[in-house]
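Quick one: the structure is below, questions incoming.
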Amino acid sequence: MLLEIIDIAVHYGKAEVLRDLSLHVAEGEIVTIIGANGAGKSTTLRAISGLKSVSAGEIKFNGKRISGLKSHEIVRLGISHVPEGRRILAPLSVMENLEIGAYLRKSKKEADSGFQNIFDHFPILRERKNQIAGSLSGGEQQMLAIARALLNQPRLMMMDEPSMGLSPLVVEQVGMIIKEINGRGISIILVEQNARMALNLAQRAYVLEAGRCVLEGEAGAMVDDERIKHAYLGG
Amino acid sequence: NAAPATPPAPVSAPATEAKILKLGCTLPFTNSLGIDTKKALEMLVPAFNEAGGLTVKGQRYNIDIIIYDDKYTADGGRAAVERLVNEDKVNYIVCQVGSAPIVAGLAVTEPAKVLVFCGGASGKIIAPQNKYTYGTATWRTNLAPLFPLLTKSFPNAKTMVNLSPDDETGKALAADNAKVATALGIKVLDNIFYPRDTQDFAPFATKIMVLNPDIMDYPGAVAGTQFGLQFKALYEAGYKGVHVSPMQPNLIEVLAVTPKESMENLISIIPSTDVPNPSEMAKKYKADWVAKYGEWSSASLNWIPAFYAFIEAVKKADTTDAEAIATYLSANGVQWESPNGKGMLVKRPDLKGDRFCDTCASLDFGIFKNGKYEYLGTLSPEESLKANETAFGGTWK
Amino acid sequence: MSPGLFIQLIVNALTIGSIYILMVLGLDIILRGTKILNFAHGQLYMLGAYVLLLFFQTLNLNFALALILSGATLALVGALSYLGVFAVLSRRFTVSTTFSYRLLLSAMASVGLMMILQQGTLLCFGTQERGILSPFPQIIDVFGVRISLTRVVIIFLSILICIGLFFLMYKTRFGKIMRAVSYDPEAVTLQGINTFWIFVSCFALGSALAGLAGGIIAPLFSVTPSMGQNIIFMSFLVLLVGGIGSYRGTIAGGLLVGLLLSFGFQFLGGIAELFVFILVIVILVFRPGGLLGEATE
Amino acid sequence: MALLEIRNITKIFGGLIALRDVSFDVNSSEIVGLIGPNGAGKSTLFNIISGFHHPDKGRILYKDVQINGLEIDRIARMGIGRIFQEPTLFMQETVFENVISGLHRHYQEAAWKALLHTPGANREENNKRDKALGILEFMELSSLKDELAANLPHGWQRVLAIAIALASEPDLLLLDEPVTGMNPSETASMIEKIRQIRERGVTVLIVEHDMRAVMSLCDRIIVLNLGVKLVEGTPDKIKNDERVIEAYLGKQVL
Amino acid sequence: MKLLNSSTVSRNSRLKLGAIIVALAVLIILPLCIESDYIKHLLIMVCIGTILGMTFSMLYSAGLITLGAAAFYAVGAYTSTMLVTSLGLSFWAALPLTIIISAVLSLGFGAIFVRNAGVAFVIITLIFVQVIVIAAGQIEFLGGWGGIMNIPRPDSLGPVEFVSKRDCYYLILAILLLIVVIYNAIYSSRIGRAWRAIKLSPNLAGTLGINAYRYRLLAFVIGSTTAALAGCFYAHYFQNITPGAFAGWLSIYVQLYAVLGGLEFYILGPAIGSVIMTFVPEYLRVVKEIEPIITGLLLLIIILFFPGGILGTIKNPPDFNLTQLKSRLNRMRISKAQGDKS
C-alpha cells in the first residue's frame, strides 16, 4: 500500500473537522475524494502533506510513518500537493515558478528536461514564460500549479480541485493530463467538485461528510449510486 | 597581596546623633558622563560622611544622596525630579549634567523652592527668574580667559573658524567665542554648525579647508570620540593650524579614533589632576578613584564641583533651609575648593541677571605638543573673572 | 567650485552613501524575505563595529579577516534572533492575518530586540566610546586633492559586497526562493523546500550586511553604543527614497542621499539635513513609491 | 435601454493585448454571460468596468455616463457591485459584520448624526441590521452569521461574497465565477439565487466556466477569445457555434 | 466590537454601563486619595500617553501604522505655546485655535503621506517626526534647540487655577474623557466600520463604495488633531518645551502602549499600556542599568506569548492546546527515531 491513513482526527482550534478518517491509496491508483463544501476534503490533503498536523491517528507512506514530519520532508519522500486555490507565486515569473518547482531536481540537466516536458504539455506556459505569474489568467495559473507539482517528480500527486475555474475545454485537457500522469505510474488523489469527471477518472472513491467517511468503493459503481447521483452529480 | 575581605568597621557613632540631609541628583545612566559622575558621587558622599559630615548650627548632618536616571531626556528628567521633590522630599539637587532634563525639572524645582546646583550648558538655566538654580560648570565662563593665552602662544594666528554642534549650547558658545576672539583682533571667518550626532566630519573639513583658517575653535564640542573625529577629518584634509577648545578632550576616547599628530597644537583646559603640582585634594581624589574603580577617568571631575559648592553654601549660610541658602547665595555668592580646583559664584550682567548664579573657576591650561599635553599655566578664579569682565563687560562680582 | 573640492565632495558622498546602501540592502532583504521592519538593524550595525573592534584591535587579527568575522558573527546573531524571536512570533500568523497586524507585531518585536541589544552592548562594553585606528591611514594626494585611503577602501569594499549580493539575489536559486517565500511560504514548502531555513537565512543575511556595514565604517568613525540609533533614521529614509523592494532603487537612493548631504553641508551648513528630509517628502509627492519602487499597499 | 455600454475597449499589458476592441451592451434586468477560454480577458474586462484598471482605448458608459477613469469607490457608489475571482472578504470579521460593511454606501443620515446617536441615526442603524439579516436569510447564511469569514469553507465564502455585494444594493452586479468550487447541487441552488437576484431588478453580468449554469441562467451570452469578441447570442446559438466549440466548449459539451 | 443580537446587547450594555461608572468614579476620586504629587504627575503623563496611544490605534484601525504620533504632539505644543507667549492669547483661546491649525496642517501633510499605506507610511511618519523636531530646533523664533521656558499654566477658570497637579489632572482627564467619548462614537459609527473594512481588504472596501484614501486621510486628520490637543496640554503643564522632547523613540513608545494593552481594544488598550509603560519603568528604577533590558524582554514576552495584548489575553485566555502539544511531542519522537535510523 502506497499511502495509508489510519483513524486520523484533525482540529482547527477546538473544532474537530476530521474524525476517525481512514483511507488508502495503492500504487498506481487514482483515488477521488468527493463531498460537500466544508466536508473536510482539503483538510485531508493538508493533513497528508503535513500542512496541518493531525491530533490522532497516523499516516503512512510506503510503510513509513509520515504524520509528524514537516511538509517539505514529506514532499521529498514523493508526495506532491497542488493546493486549493492554485497558490502560484504571483510576483515571480512563470519560469521562476517552475524553477522553484524543480528545486528537488538534482542537476540542471534534469531540471531542463523537466521544463521541456512541461512545455510540451502546456504550450501556453512556454508563451508566458517570462510573464509575471500573478498576471496570468485563472486557468493559466492552474496549469502552472499542476506543472510545478509535476516537477517534484512525485510518486503520489494530490490535486485539490484542479478543474476549478477552468474552461470546459481545458477541464477536458486536465482530465487527460491526470490520466497521463497516472499512466506514468504516479498515484493520484483527486479532490473534485466536478464529481462526474472525478468518478470517471478514478478507480476508487471516498465520500466525505462533515469530516467522516460515509462511503467508499469502486468509482464506477458510485456513478450509478442513486444517493451519489442526487447529492453530487446533479440530477 | 591579600586584602582583608571584611569591610572596614563602621566609624563609632559620635556623641550627637547625626541627622540626614537628603540630596537629590539625576543623571543619564546610559552615557559615560552620567555614569562617571554617579561613580564619583558614590565615592565622595560616603567619604564625606565618614570624615564627619556637615555641621550646621552645631547639629551634625550626614548626607544621603539619591540618584535617579533621567535618560538624558526632558520627560525622563521631569519624572525623576518630580520623584525627588515630591516623593523623596529632597530640598537640594546637585550635579545634574544635561540641559534637557535640567530645564524640564526647573518647572518643578523653582516653585517648590528646591536649591539646584547643576552642570548643563544652556544659558536659560541660570536665567534671572530661576532664583533657586545655580550653574556650577564653567562652560560659559572659560572662553574669555582662554583666548588671551592663545594669542600669547600664537601671536601670528589671525583667522579662526568655529566648528560647533547645531544646538542651543553650540550656537550660544560660538557667538560668545566670536565676541571674545574679535575683541582680541582675531577674524572669525565662519561659524560652522554640524548636526548633533554627526560622525562624518569630512564634509565640514572640506569646507573649512576652503576657508583655510589659522585657528580652529570647537565651542560646545562633546569630549569623546566625536571630538576625535573632528581632529581626524581636519588632519586628513591637511589642516596644520592651531586648535583651541575650552574643554579637554577625553584623551583615551579621542586617541582611539585619531592619530596623535592630528591633535598637535591644541590649547585647552586640562584637569587639575594633570598639572605638575596638583592640589592635595586632586591627588587624593584621583588615588581614591583608581583604588575604587581601577581605570582613571578625568571626565568624572567635570560635574562634581556642584557638590562642593553646595556644601560650602550650606556652611556659609549656616542653615539647611533652602530658601535661606538661596537668599544668601544670590546676594553674597560663595567660594569653594574641589578636586577640580577653586571655584566661585559670579554674577552675569551680560545675561541681564544681577544675582550670583554662574561659576568662574580656576583653570589649568595645557597644549598638546609632540603627542602629549604640556602644562601651560593656571589662572585663579579671580583672574578668570577679570578676563570675563573685560570681554563681556559689567561687574561680575 | 574648484574641481578639487568637487572630487572631495563626491568621495565624501560615496563613502557615506555606500554605508547607507549596505544598511538598506540588509533592511530590505529582511523586510521582503521575512516581512519584518527591523528596528534593531542599527544595533546590528553597532554590534558589527564592536565585533570588528574585538577581532581587529583586541585579538590583533588581519583587517579583512576581522571584517569577514564580524559579518559572520552578525549573521549568527541574526539567525539566533530570528530563531529566538521572530520564528516564535510567526507561528502566531495565519494566512488570513492582515498585513498591518503582522508588520506591526514584528516591528514591535524588533523594538524589543533593539532595546535588549542596545543595553546589552552597553553593559558588556561599557559606556566608553571607542574606535579603531584605520589600517589604511595613508592619504592619497591626486593633483592636490587629498583623499584618505580608508575612504577609498570603504567604497571599494561596499561595491564588492553589492556585486556579491546582486549575484546572490538574481543569479542564484536562493534569491528566487527568497522572493517566493516572502510571498507564499506554504506554496514554497510544497515544493520540498525548507522554508524555515530560508527565513533564517534572510534574517541572517540582512544582519550580516548590517554587521559588515558597521565593520567597514569602524576605521572611519567611532564605535559607540549609540551609533546604531543615529544611522537607522537615515537608512529608513534611503529605503523610502529608493523605493522598497528595489535593488537599484536602494543604490540610487543611497547615492542620492549621500550626495545631498555632502553638498548640502558644504553650501547650506547644518540645516542640510532638514533640507534632505524635506526633499524626500517632495520626492514622495511625485513618486509615492520612491524613486524606483512602486507604490505599495 | 442599455444599462451598460462597452465601447471599443482595448487593454494592453506590456506587450500583451488582453482586450482588443471589445464592444457590447448589457440591458436592464438582463442576465448576460461572458464566457471564453482562460486568459480571454473576462476578468480584465470586469476590472475595467469596476475601475481597477483603466482601458487603453474605448469607453464604458453606465446609465449613459462615462465611468472609465473614475475611482473604484465612485463607480461602486453609482451602483455597480462585483465579486472577485479570488475569495475576497473581510476575513477577520463575522459573516454578519461582512454584510453590514456591504451596506456602507446606503447610509443617509449625516455622519455627525451617527456620532451623536440621534434617534434618526439609531433608527437607520437598526434598519441596516434588519436589512443585513434579511440578506443573510436570503442567501441562506443565517446559521453561519457569527462565524468568522476566514473559517468558512471555500464554497460558502463565495456565497458570502455575493451577499456582501448584494448588500450594497447594486443595479448592476458583476459576478466573476460565482459557482466555481461548488458541487452540482450547490450550483443549482446558487443558480436559483441568481435568478431571484435578477427578479429584484438587478442586472447581472456573469463570468463562469460551468456551462450548465451559464446556459440555464443567461438571456444572452458573449464569447471572448484571446481578447476579441468572438460571438454574441442566445445560449442556444452559442452552444452550437462551431467557433465556440472549437475554442472553448470542446466536443463533449454538457 | 462584535455586533451582538439584541437580548445580549441590553444585558451586556448594562454591565458595561456599570463598569464605566465605577471606572469614572475611581478616576475622579483618585487624586483625592493620593498624596504624592509625583504619582499625580505620573497619572497626568499616563493620560497624555493614553491619548497618544489612542491616536495610534485610530490610524491602525484604518490599516495605517504610524510612527508619527509625536509629530503633531509637537505641532500642538508649539502652536499653542506660540499663540500664548507671542500673541498673548489665553490658553482657552489658544486651545481651539491649535486644534484648527493642526487640523489644517495634518490635512495638508496627510494628503501626501496617506497615499502610501504599508511600510512606506510607517517610515514616512517616522521621518516626519524628525523633520518637525529639526525644524523646531532650527527656527530661532520657536526657541531653537533650547526650546521655550516659562510657558504659563492654563489660565484659571473661575475658582479652578490649574496650579496644583490635581487641577491639571482633572483638566487632562476631562480632555481624555471627551476624546474617549468622541472616539467611541466614531468607532461604533459607519466611519469606524469603513476603517475596519479598509484595513481588512482595501479592494473589497472599494467595490462597496468606500474611498480608502479619503477615509484614511480622515483617520490621519482626527488622530493628528487629537495628538496636537495632547501636545497643547503638555506644553502648558510642563511649562517648557524643547524639540528634543518629541524626538527619538517617543512615537515608538506610543505604539507600545497600544500593542501592550491589546491592539483590538482601541481605547482601553492604550490606556492599560500607558499605565504599565509609565509606572513599571518608574519602579524599575531600582534595577537601573538593566531596566531597558527588562522592558525589552517584557515587550517580547507579551508580543510572543500574549499577542492579543493584556486585554486580549484576559478576554480570550490562551488555550494551551493539549492536542497540539501532543502532536509536537510526537513529531519530536519521530524525528529522533529517524535520526537514530540514519
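In this document, chain identifiers A, B, C, D and E correspond to the written order of the chains, with residue numbering beginning at 1 in each.
Quick note on the criterion: contacts are C-beta pairs under 8 Å (C-beta built on N, C-alpha and C of every residue); 3 or more make two chains touch, one makes a residue touch a chain.
What you see is a predicted model, and the numbers here were worked out from it, not measured in a lab.
A.B. asks: Suppose chain C is absent; how do the other chains partition by contact?
C.D. replies: one piece
A.B. asks: Report the chain whose mean Cα position is at the greatest distance from that of chain D.
C.D. replies: B
A.B. asks: If you average the CA coordinates per chain, which chain's centre is most distant from that of chain E?
C.D. replies: Result for max centroid distance from chain E is chain A.
A.B. asks: If you average the Cα atoms of chain B and of chain D to get two centres, how far apart are those centres in Å?
C.D. replies: 75
A.B. asks: On a C-alpha centroid basis, what's the spacing between chain A and chain D, in Å?
C.D. replies: Computed from C-alpha means, the inter-chain centre distance equals 29 Å.
A.B. asks: Measure off the straight-line distance from the CA centroid of chain A to the CA centroid of chain E, and report it in whole Å.
C.D. replies: Centre separation, chain A to chain E: 48 Å.
A.B. asks: Which chain D residues sit where two or more other chains touch them?
C.D. replies: 91-92
A.B. asks: Among all residues of chain C, which ones touch two or more of the remaining chains?
C.D. replies: 98, 119, 122, 270-271, 273
A.B. asks: Which part of chain E faces chain B closely enough to touch in the complex?
C.D. replies: 36-39, 41-42, 45, 134, 137-138, 144-147, 149-150, 238-242, 244-245, 248, 250, 282, 285, 288-289, 291-292
A.B. asks: Under the touch definition given earlier, write down the residues of chain C that touch chain E in their complex.
C.D. replies: My answer: residues 31, 37, 39, 85, 88-89, 92, 98-101, 103-105, 107-109, 111-116, 118-120, 122-123, 229, 233, 236-237, 239-240, 244, 270-271, 273-274, 277-278, 280-281, 284-285, 288-290, 295-297.
A.B. asks: Name, in rising order, each residue of chain E that touches chain D in their complex.
C.D. replies: 2-3, 182, 185-186, 189-191, 193-194, 196-197, 200-201, 203-212
A.B. asks: Show me the residue ranges of chain A that touch chain D in the complex, using the header's touch definition.
C.D. replies: Residues in contact with chain D: 12, 34, 36-39, 42, 84-85, 124, 131, 135-140, 142, 161, 164-172, 193, 195, 230-235.
A.B. asks: Please give the residue numbers of chain C that touch chain A in the complex, ascending.
C.D. replies: Within the complex, chain C contacts chain A at residues 173, 176-177, 179-180, 183-184, 186-196.
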